[in-house]
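Scroll down for the structure; my scribbles are underneath it.
Note that the chains take the letters A, B, C and D in the order they are written out, and that residue 1 is the start of every chain.
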């Protein structure tokens, strides 16, 4: 991926040091490697910006793995013979940034994206040493491609899930590309207009920088462990409830 | 609103100073004042926590005002006789935190919530002095009540809109209450179980503290104006585009 | 609206007599008349097909009226000074077909569409003489326009609401038009490509014919009043419940 | 599953003969057999009504099979070693009624439901002998269970997909059960209140009868092949487009 002149210049002139950060891109395409994924085409733009800023990145394509269905951390404990998710989860927990990329089918994110989110949810009971949910302090974003319609709907669902799990969502943390109404060329297809789309390029650039800024901020400051600790809430002595007096 | 013992204790023991912050709660109920709004019942819990921490707050009920439909800042410039939105927008722009509260109808956020979001969107072309979108640096959350079903779906839509406009979304920035499947008592109705719901109370508490922490972080640090400036993007000299070489 | 040659030919060669049917199009644009509504541009295509088949039609633009917020049939009984909805509801109840048209804002249907659906919902307690919900026997569809993204998401919400209220949804009862990713010309703007879009034209044509076929079928046969009568359910003597024995 | 007295009476007194119909229930639980599926608990209520009316039914649990990801009819032609979907698709094409049942995770339908819909979509290019989409003439419904929130949101997505593919959706074609806000017992758990929920039972009953009535209507009358034939549209001679003259 060759970035445009302005994207390159931003990287070169940047006064920010993001070299302590790492990012995972989950490419939730339905296509196994080495088949070309259009979603990966867009992911690579964000990846290229991060790498130019010294961030360690990895693109994982879940469909290449045999991932079990379910909402437990390791489904082999629930009767599944194979479950390739736990090592993926480990990488996600070690990364500061998670960007979920998905194609659109019938206006919805892919089943692989749904599966990945269910598996992330399977770890939502875990807490950090402060008693906060384990995803606190991480930053999430979303990239979507399709040839027809549905970027915002998919992003709603993905970003909602991430913040619900404990990710922070910086401003404008989604970007995507679709063609005109109806079937047509996909992002990387010749003549799609995808890589030339100024709106997509700008949004992908802004998303990426906002993810980096927010991840750095949280790496430095963390999310203060006060008022949001699951352990403190559960262990409180008085179990009374608030009272809306004007009832 | 009388908070529970633990919520009160958090307020009293807090080492954090949020007294420089301010918040607006948009209560997007369909009911005009002084009719009781169940959504306001839940909003008051979050408000009480913020006020105990020294934050200036105001609850605005848009349905009490004559707000025009449209996506321009002031619809009287587009032929509407009355438009009460501009002074509401002014308050929102002056606040660090925006919490949009909505009831659920047919599984969706209210039409008043849709209207409010359209009007917020009408200001999305405005930029701050750094050339970022004007909502950058603000923090958003969402509260939802209904008697049946739909908290998460409404929150998806609201939080997506806020982050798309430029708000930052801290972890777990939504909370809500619904009863069991089917019609039944609403939040403030006697015997609803609403104010006693531990899940709702915990989520509302965590949301509120996360909004305060994130707002303070952004008040102090801002969102670095780099890689996300609309003006810089638009004014760039070279208008070439990125090139996914492996096409 | 001048239909294309094939659409005209279908009308001329049709062996079907739909002349006993009537349809209401709710144009949920945010723009008051006489401002041009792009959504109305697409609505007129469906309307032209219906009229050529002898169906009485009317386009109603709710934003031209002062419609109160709320979920009661007539909100003047709830303290609102003006409520223009009841005569609109009367027309909808007299029509066999309802097509809700909406623009897209931030990936969602318009606030006017939300308002219209809330008001339709306000009549959902009404029953026909068989004890079925009053909307039984009617047929619903959806048209969506925007310049960016979101046709399917808006249609999901609209068609769900209609079927939940009691409308029947024939196959492929939605159609829409959007441009490429990002801002751009709207449907009726010069060079938009909207009226030339084969996908949009085909879907609008199929939707319209399916609405007509289904409406005729229901006009003739009705929905048998058995197993779906609210009165019979509520008046049943034995109030026992089903028992999933294998629990 | 033992139906309640009224449900049984409806079956016994029915003047309708549905014995020529058949139905498939897709139980999109994440749990492999023989683990108990709460969604199947609700599905069995609808199934029991259909069977008492002479309809042949089968419940298929896709998670028990090795179904490939993708949008082609048989993914073994695309490099997948195993794909158990084609025989499932065959059963769906032979049935008059399809009910998709899904649990809720993070407010969304399951990944298995997404997968099933993607695979159904993979057949959407197929046409019947009249040149209509192959799903025309079939009837679709949706059942949803969860312990927390999200019935309507899941149903929106499922019913939209089915009608988009060509299914007809009768009135009130969705039903579901959730508990109160927050985690709690699932449908079949002791003390859940699920099987006792009058709202859920009524909606499931009405959905089932409406599916049967509509399926019978379409079995008898079909969807007239006029104005909705893909072949006729594609083969039309004049490729002109409609013209909204008032532009």
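Definition applied: a residue touches a chain if its C-beta (ideal position, glycine included) is under 8 Å from a C-beta of that chain, and two chains touch if they have at least 3 such contacts.
A quick note: this is a predicted structure, and the numbers were derived from the prediction, not measured.
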- prompt: Hey, which chain ends up farthest from subunit D, C-alpha centres compared?
  reply: B
- prompt: Would the interface of subunit B with subunit D count as same or different, where same needs over half of all numbers used to appear in both copies?
  reply: same
- prompt: If you tally contacting C-beta pairs, which pair wins, A-C or A-B?
  reply: A-B
Query: When the C-alpha atoms of subunit A and subunit B are each averaged to a single point, how far apart are the two points in Å?
result: 22
Message: Between subunit A and subunit C, what distance separates the C-alpha centroids? Give it in angstrom.
response: 36
- line: Within subunit A, the set of residues that touch 2 or more other chains is 106-107, 152, 156-157, 160, 164, 198
Field: subunit B residues within the subunit D interface of the complex
entry: 106-107, 149-153, 156, 176-183, 193, 197-200
- prompt: In their shared complex, at which residues does subunit A touch subunit B?
  reply: 1-7, 10, 14-16, 41, 44-45, 48-49, 133, 135-136, 152, 155-157, 159-160, 163-174, 188, 190, 195-196, 198, 201-202, 205-206, 208-210, 212-214, 217, 221, 223-224, 226-228, 232-233, 236-238, 240-245, 247
Interfacial residue positions of subunit A with respect to subunit D in the complex: 30-32, 35, 63, 69-71, 79-80, 105-112, 114-115, 117-118, 121, 157, 160-161, 164
